[in-house]
Amino acid sequence: MLTDLGLDELWEYRSSYVRPDDFDSFWDSTLAEARSLPLQVEAVPVATPLRTLDVYDVTFSGFGGDRIRAWLRTPKGEIGLPAVVQYHGYGSNRGSAVENLTWASAGFAHLQVEVRDQRGGAGFMTRGIADRSTYFYRRVFTDAVRAVDAVRALGFSKVFVIGNSQGGGIALAAAGLVPDLAAVHVQAPFLCDFRRALNVCGRPPYTELTTYIAENRRSDIFPTLSCFDGVGFAARAVAPAWFSVGLMDDIVPPSTVFGAYHAYAGPRQIQIWEHSAHEAGGSDDLDIALDAFRSRLELR
Amino acid sequence: MLTDLGLDELWEYRSSYVRPDDFDSFWDSTLAEARSLPLQVEAVPVATPLRTLDVYDVTFSGFGGDRIRAWLRTPKGEIGLPAVVQYHGYGSNRGSAVENLTWASAGFAHLQVEVRDQRGGAGFMTRGIADRSTYFYRRVFTDAVRAVDAVRALGFSKVFVIGNSQGGGIALAAAGLVPDLAAVHVQAPFLCDFRRALNVCGRPPYTELTTYIAENRRSDIFPTLSCFDGVGFAARAVAPAWFSVGLMDDIVPPSTVFGAYHAYAGPRQIQIWEHSAHEAGGSDDLDIALDAFRSRLELR
Amino acid sequence: MLTDLGLDELWEYRSSYVRPDDFDSFWDSTLAEARSLPLQVEAVPVATPLRTLDVYDVTFSGFGGDRIRAWLRTPKGEIGLPAVVQYHGYGSNRGSAVENLTWASAGFAHLQVEVRDQRGGAGFMTRGIADRSTYFYRRVFTDAVRAVDAVRALGFSKVFVIGNSQGGGIALAAAGLVPDLAAVHVQAPFLCDFRRALNVCGRPPYTELTTYIAENRRSDIFPTLSCFDGVGFAARAVAPAWFSVGLMDDIVPPSTVFGAYHAYAGPRQIQIWEHSAHEAGGSDDLDIALDAFRSRLELR
Amino acid sequence: MLTDLGLDELWEYRSSYVRPDDFDSFWDSTLAEARSLPLQVEAVPVATPLRTLDVYDVTFSGFGGDRIRAWLRTPKGEIGLPAVVQYHGYGSNRGSAVENLTWASAGFAHLQVEVRDQRGGAGFMTRGIADRSTYFYRRVFTDAVRAVDAVRALGFSKVFVIGNSQGGGIALAAAGLVPDLAAVHVQAPFLCDFRRALNVCGRPPYTELTTYIAENRRSDIFPTLSCFDGVGFAARAVAPAWFSVGLMDDIVPPSTVFGAYHAYAGPRQIQIWEHSAHEAGGSDDLDIALDAFRSRLELR
Amino acid sequence: MLTDLGLDELWEYRSSYVRPDDFDSFWDSTLAEARSLPLQVEAVPVATPLRTLDVYDVTFSGFGGDRIRAWLRTPKGEIGLPAVVQYHGYGSNRGSAVENLTWASAGFAHLQVEVRDQRGGAGFMTRGIADRSTYFYRRVFTDAVRAVDAVRALGFSKVFVIGNSQGGGIALAAAGLVPDLAAVHVQAPFLCDFRRALNVCGRPPYTELTTYIAENRRSDIFPTLSCFDGVGFAARAVAPAWFSVGLMDDIVPPSTVFGAYHAYAGPRQIQIWEHSAHEAGGSDDLDIALDAFRSRLELR
Amino acid sequence: MLTDLGLDELWEYRSSYVRPDDFDSFWDSTLAEARSLPLQVEAVPVATPLRTLDVYDVTFSGFGGDRIRAWLRTPKGEIGLPAVVQYHGYGSNRGSAVENLTWASAGFAHLQVEVRDQRGGAGFMTRGIADRSTYFYRRVFTDAVRAVDAVRALGFSKVFVIGNSQGGGIALAAAGLVPDLAAVHVQAPFLCDFRRALNVCGRPPYTELTTYIAENRRSDIFPTLSCFDGVGFAARAVAPAWFSVGLMDDIVPPSTVFGAYHAYAGPRQIQIWEHSAHEAGGSDDLDIALDAFRSRLELR
C-alpha cells in the first residue's frame, strides 16, 4: 500500500525545510579544513580471479585525516576513463572485491567507497548529534567529497556520483558540495527532509532519531540536522540528476524524496515506481543510470 | 481502527475504474466458448450420517471443459426448490459434505462450488496474468457461470448467488454475467477496484499483485485486471443485491466494496459494520441473507 | 514446525500432575451444592427459516443458580434421540441459531452450550484464581455438568459430550464428573497439564496465567489449578473417548493433550495430525466423531 | 511516526462527544449511594527499611462498600500536608511499598490507589458494559472519588489528583466529580473520546471494545460509554489542569487527549511531546507536575 | 540463535530419508523423454553497455519442450571456456543482463538459468504435488539438466553447477542427474530432507508444504517428495562438492543441509558459518567457490 | 514459556567459558592506567523539591579521564552512610534527579551512575570490538570501578553494587575488579557467557553481536569478549552476592545467568522466578536486596 502521500499530492508537496544562514560557511570551512590535510591516495592492486577487470584496494584521508577505504575497479589496463563514485546503504560496507562489476565492465572507473565505522552496526543516526561539528554525517559527507578528490587524484577527471538509500543521501550531499560533477543518480535517497521523515516513518533507521528525541525529551537536534539535510544540498546542486522513488517505500518516505527533488537546482528527472517499496526500480534503475550517464558522455 | 476512509467519505467515494470497451465482447465470447462444450452435470449421492438432508457430489464442465466440483445439499427428498449457489474464500475449498447445512435446512437447494486448484495454496492472483485470456480468474468466473447453468440443469430454475471475500467477488462476476438471477448477497467482496485496493491494502492476497509489479517493475497488469474487476461486473448487474462491509477490514478495503456498491446497476442495499474487520457481520449477515432471499420468494 | 516433543517422545511422556487428595470431595460437594438448586430447564422454540430442524432457546440453572444459555437443535418433530452436548472455545459463544446444524441433521439432539460471561472477552484464566472456590472454571465445569442434567431433563437420556480447545477441556471435565456418558470426543483440549503448558506455550490464553504469575510474583495458583486440570478429570473418566491433536499446535501444546490422554481411565483412542496446528483435523475430526458415536449407537 | 492528526489539526480538532442529559444525575445518585455507606478508612503503618518516610497500608470502602487498597506515604512524622492522590495504568497495581517515593520526599502526603481487580489481568473494558449501572468503570470512578474522601478523612484537606494513561482517565473523572480539588495532572489520559479512539486506535486496550462490538455485532455500548467519557468529565471540571501528550502515541490517540483538553472547563495547559509515544514526557512530566503543584501552593 | 541442532549433533545427524526403489528409473525415463525432444538452443547477442563481456539471451527446450530462458555471459570474444551454470532462489528470476558479472569476469562462461513461471510468485511447493509425474520440480530439475546440455551444445564442455537456497537444491539435483560435472557449489541448499525440514522449519517456503498437509489433512505428499529430495540426489552424485551452511538459518534448517552433505557420494567439503542465517557466508562463499573451481582447473 | 534449559538442567549447567591467561594482567594494567589519572570527584548540590533527601550531580574521571556523570542521593544532612552504587540497563541513562529514591530513603548513600554515550542509542555491543583495548565495555567497566572509587572519595567507605540487565553485568565486573565490596545484587545480568548467549538468544542486544559476526563473516570477536565476560569476573569475586533470574527471559538467557552464578567465587544465592521474563522479580528483588544488604549491616 501507499506509505505516504498519493502521486498527485507528491507533485504538489514542498518541504518545509529552511536552510540555515551559515549552511554554506559551515560546509566551506569543513571542507577547507579537510583539504588542508594531505589526501594521500593509495591504490594497491588486489589479486583476484577476474580476468577482464583490475581491482585496487584504495585508501585516502577523509575527515580529520582518518583513512577511508574503497574498491576501485577498471577494465583491464585502461586509463583515462570516466569515473563513477558509489556510496552504500546504512550499516553495509564496500562488499566483496569481486562483486558489483557492472560499472567497470561498462567502461567506467568504479570507486565503491566504504562509509566509516559502519560494518554491521546501528546507532549512527545520533552519533555526535549534540553538535553539528561532532555529528557523524559531517565526517561521512566530508569523506564523500574527498572520495571525489581521490578518484580525480588517480587521474579520472570526469566524475559521476551514485547511491541507494543512505548512499543516495550521501550522493546528494556530494552533489551539493562538489560543483563540477558530470551527473548524479540517487535511488530512494535517505537523509532528506528530516522533520517530515520523522513524522511519517515508523521504521529504522529514521526511528533512531524519533526514539532519541522521545527518550531524551528534547527536540533540539533539528538545528544539527538542518546542516545535513538532502533538501539543503539539493538546492546547491548544479549537475544533472536522476532520482528514483518507490511509492510504497516504508523506510524512506516518498514525500521526503520529492522534498529533495523539488528543491534540486540542477536539471532533474524522477523515475516513479508506484508499486515498489524501498527497492524502487532495483536493477532497472541501474539500466536507467547506465543509459543516462552514457548519454551524458555521448556514448549512446 | 478504521482501515480506510471514514463513513461519510465512503458514501461519497466513487471508483476511478473504467470498463474497457471490449469488456462485454470479451465475456460474451468467453462464455459462448465455454457453453459450446457439453456441461455434463453429474450428481452422485453421498452416504452421510445426515437424516434430514440429501447430499450429492456434483461435477460439471467449466472453462475449457475442466471438471469442477461442488456439494449439492437439499432437504431430504424434495425437488423444485429455489437454489443458492455459493462460492468460497481465497485458498479454501468446498469443505466437508456434512457441514454448512443452513441453506439446505432452510429449504433451499444449496450448491457449494469449489474454486479450481485452490486447496491450501497461494499465488493465484498473478497466475496467467500476462494476458487476459490466460488469467486464472477468467477460468474461475466462467466456472461460476457454469455452476449456475449446472444447478439449473439439475432442475432448480430460480437461482441466488452468494459469497464471502473471494466468493463475494465471484458472486459479483456471476451477477454481471448471468442476467436472470433471483438475488445476490456478497460479504466483504474481494476482487473489486484493483487500483484502489493496491494503494490502500498492505496484506495478502492483494499484496501478491503489489509484489508482482514491484519485482517485475511493470504495472501493465491493469489492462488484464480491468476485465475482472467487480466494479465492472456490478455495472452490468440487474438482480437485487445485498452487500455487507466491515469498516475495519484490512484484507478487503471498505472503499473498494463501496466502489462496487455505488456502481451496482440493480436494486441494492449495504449493511455497514463499523467496528468489524474482514468477518463483517459474520453469522448476522447469514440471517440477513436468509431473510432477504425468503422475502424475495414471499416466504416471509 | 513441531511446537513440542516429537511423536516418539509424546508416546512416552507422562504428566507430572498429581491429583489433590480432596479433588473428589471438592467436586462432590461442588456438584451437590449446585444440584441442591432447582434446574429449571426452559426450552423456548425459536422461529427460524429452517424447515428440517427445530431450534429451542434453552436456559437452565448452573453454578449458584445463574442462568446458562444454550441452543437445542433436533430433527423436526423427533423425540427420544441420543444427545450431543457441545462446549465452545475460549472467548467465543453459542453462535447463531441457524448454524452448526450437522449433529441435529444427523439425528442427534444437539445442545450447544454457551460459556458464561465469555462473549468476545479475555482474562478468564485468572478470574477468581486466588481460591479454588471462586475460580471461574469451577462455575464453568459445574455449568457443564448441569447442561448434561438439563438435556436429560428434556428427555434425552443417552448423552455424548464434545468440544474443541476450551470446549475440549470442559468436555473432559464433564467426562470426569458425569459417570454414565455414552462417549466423549475432544479436539485439541485446553486446560490440561497446566505446569507443562505454561513451560512450553508462549501464546494466549495460557500466557494469561504466565503473565499473572510474573506480574504478581507468586506461583501459588497451582493448588487452585490442580482442581481443574484435565489430567485429573481424565483419570476419573469411564466413557469411551476419542482425542484429536495437532503436533504443530502452538496454542495447546501436544504434550499436554497426551498428558490427559495417557491418564484417561476409560477406553481411548487418539487421532494424530502431524502437520496440523490448533485446528487439528478440522472437519475430518467431525467425521470421526460422527462415525464413532454412531458406531456406539450401533447405527453404523 | 505521527499516529493521529498533525499538530495544527489537533489544535482545531473538537470531539463529537455529546454528554447525555442525565449524566449529572447518574453520577450524583451514584456518588450519593456510595457516600451513604461508611468510608471506614484504615491506615496501618508498614514496617519498611525507609528512614525518611512513613508508609501506611490504607483501606477504605469504595463502590458498594468494597474495600479498596492504597499506599499512603508521608515525610517522616509530618502532618497537615497537601496530598497527591495517584491512580495507575491499565492492568497494573499500586506497586511496592518502597518505590515511587518522589511525591512524599517532596513534602506531599501521597496516596497511591489501587484499581480494584486489576493485578495482571485484561478484559476490563467490557466488564459489565451491557448497562451503565454495572459497568466496571462506574465502580472504579466511584472508588477514585472515595479515595479523595479518604485522604481528607485522614486529615489532608488540600488534594491534588494525578495519573498516567488509565490513571489519567480516572483523574479526569475525579476532576469532574470532586468540585474542590487543588489541581490536576494527567499524562496521556485514557478513556476519553471513545468513538474517535475506536476509529483511530489499533492496539489494546481500546481494541477490547472494538473486538467486542465486532464479535457481538452490536454497537450499542456507546450509551454506556457516554457516561464514562473523559470529555464529559472535563466539561464539569473547575480545578486547574495540566495535560501531557505524545504525538506518536499508538495506545492513546493524541486527538482523544485534545478532545478532552479542548472541553476542559477549568484553567488548562497542555505539554506536547511531538516525538514521544505513550510515555509522553516520562519523568519530565513529573518535574512539570511537581513545579506546577508547588506553584499552586506558593512553595516556589 | 541456533535454529536447529548444535554443531556436534549436526556432525552426527543422518537423515531418515529412504530413496524409493524406482527413483533411478523415474529420473532415467524423465530425462530420456525430455532428451527425445530437440534442445533447440538459441543464443541471441544482447546489446549492453558492457565493454569487457558479451551477453547472450539464451533459450532452450526444457521439460515438455517448454522454452527456458537464461543469460549467458562470457569474456569479450572468448570461446572454449569452462562454464558455470547457476540456478536462483525461490520466487526470483535470472535478474538483469548487466548484473552478476563475477563468473564471466573471472574467465568462465556463465549461464544464469531462470526457473520457469517463478517471477515474483509463490505456491510452487505444492504445484502438481498430487503425483510425482506432475510435480513442479520434475519440470524444474529436468530444465536444470537440459541447461547443462544447452551450455555444452554451445561448445562449453567442462561444466560446473552452483546455486543458493532453491538454486542449491536444483544444483544438487543436477549433480545427481548429470554424471560428468566438473564440480558443484551449493549454499544453504533448499529442497533436502523434507520430513525433517517440515518438523523444524516454521517459515516459508517450507511452510507451504506444512499448510498444504494441514489444510487437506493428508500427508501422502511424501511419496512424491521422495523423488525430489536433495538427499536422494546427493547419494547419486560423483563430482566434488562444496557445501555452505549457516547454523542460524531459519529458512533452510541446517540439519537438512547436513542430511544431504552426509549422504553426498562424491568428494565433499562443508563450510560452516556458526552465526549466519540463510545468507550463510554471502560473498565469502563466492570467493570459496571461485577458488575451488579454479583449483579444479589448475588455474591456481 | 521457558526460553532456555529447564530448572534441573540449569542447576547442572556449567559455562564452557575459559578465562584467558592474561585476563588478570589486562585488567590490572587497565585499572592502573585509569587510576594514574586524577579522579577529580565533584558533587554539586541539585535544587529539587525533595525535602527528605539531598541530591548531588556528581562527576568524576573514568577511563581515559573522560568525565562520567552520576546522581548521588542521601537522606537529608546525613554522612558516613553505607553506599549503594547502581548501574543501569542498556540504552538507558541515570534518569531523573527526583526519581529512584528508595535506597536513599532507606538510609543509604545512593550513587546512580550513567553509562557513557548511551542515552537512547544502540550499537554499543560491537563498538571498538576489533581489539580488547578499544572495546566499549573496557571503558564502561573501568568507569564502574572508578565510580566505587568516587563514592569512597566522597567519604562513603562501605560500598554495595547493584544492577539490572546491563547494570547487572557491570556490577559483576565491579565485583570481580574491586576486592572489598560489602555485597552485590544482580538482576538478570547481561554480558555473561557470550558464546552460550549467542547460541540461544534471538533478540537484541545480544543479536548485535550475532549480526556483526554474520555480516563480517568473522567470529574472531570471542578473544575480545573473553576479557569482558561476567563468568570471568564472577570467578574473581569475593563479596557475598545475590542473583535473580527469570526462567522465561528472552533477552538474557537463564543459562548464562547460571553460568555466572555457578562460577561465582564468593558466597552466593540465587532467586529463581520460574514464570518471569526479563523483569525477573521486579520490585520484589528490590525488597530482597534491601533485606540482604541491611542484614549485612546488621540493621535487621
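Letters A, B, C, D, E and F mark the chains in the order given here, with residues in each chain numbered from 1 onward.
Throughout what follows, a contact is a pair of C-beta atoms (placed from the backbone, for glycine too) under 8 Å apart; a residue touches a chain by one contact, two chains touch by 3 or more.
All values derive from a computational prediction rather than experimental measurement.
Peer 1: Taking touch as defined above, what minimum step count separates chain B and chain E?
Peer 2: 1
Peer 1: Just send me the rotation angle from a CA overlay of chain C on chain D, rounded to the nearest 5 degrees.
Peer 2: Between chain C and chain D the superposing rotation measures out at 180 degrees.
Peer 1: Half is the threshold here, strictly exceeded: which of C-D, B-E or E-F has more than half of its contact pairs identical to A-B by residue number?
Peer 2: Within C-D, B-E or E-F, the interface duplicating A-B belongs to E-F.
Peer 1: With chain centres set to the mean of the C-alpha atoms, which chain is at the far end from chain F?
Peer 2: So the farthest one, by centre of C-alpha atoms, is B.
Peer 1: What is the distance, in whole Å, between the centres of chain A and chain F, each centre taken as the mean of its C-alpha atoms?
Peer 2: Computed from C-alpha means, the inter-chain centre distance equals 40 Å.
Peer 1: Any idea how many Å lie between the Cα centroids of chain A and chain D?
Peer 2: That pair's centroid distance is 50 Å.
Peer 1: In whole angstrom, what separates the CA-based centres of chain B and chain F?
Peer 2: 63
Peer 1: So the centre of each chain is just the mean of its C-alpha atoms; given that, what is the distance between chain D and chain F in Å?
Peer 2: Computed value for the inter-centroid distance: 36 Å.
Peer 1: Going by the touch rule set out above, which residues of chain F reach two or more other chains?
Peer 2: 214, 284, in rising order.
Peer 1: Any two chains that touch count here, so list every such pair.
Peer 2: The complete list of chain pairs in contact reads A-B, A-D, A-E, A-F, B-C, B-D, B-E, C-D, C-E, C-F, D-F, E-F.
Peer 1: Help me check something: in the complex, which residues belonging to chain D touch chain C?
Peer 2: Its residues touching chain C are 91, 93, 119-124, 126-127, 208, 211-212, 214-216.
Peer 1: Enumerate the contact residues on chain C facing chain F in the complex.
Peer 2: Going through chain C, the ones touching chain F are 198-202, 210, 213-214, 217, 219.
Peer 1: Help me check something: in the complex, which residues belonging to chain D touch chain A?
Peer 2: It comes out as residues 1-2, 6, 246, 248, 273-277, 279, 281-282, 284.
Peer 1: Inside the complex, what are the residues of chain A that reach chain E?
Peer 2: Those in contact with chain E are residues 48-53, 75-76, 95-96, 98-99, 101-102, 104-107, 283-284, 286-287, 290-291, 294, 299.
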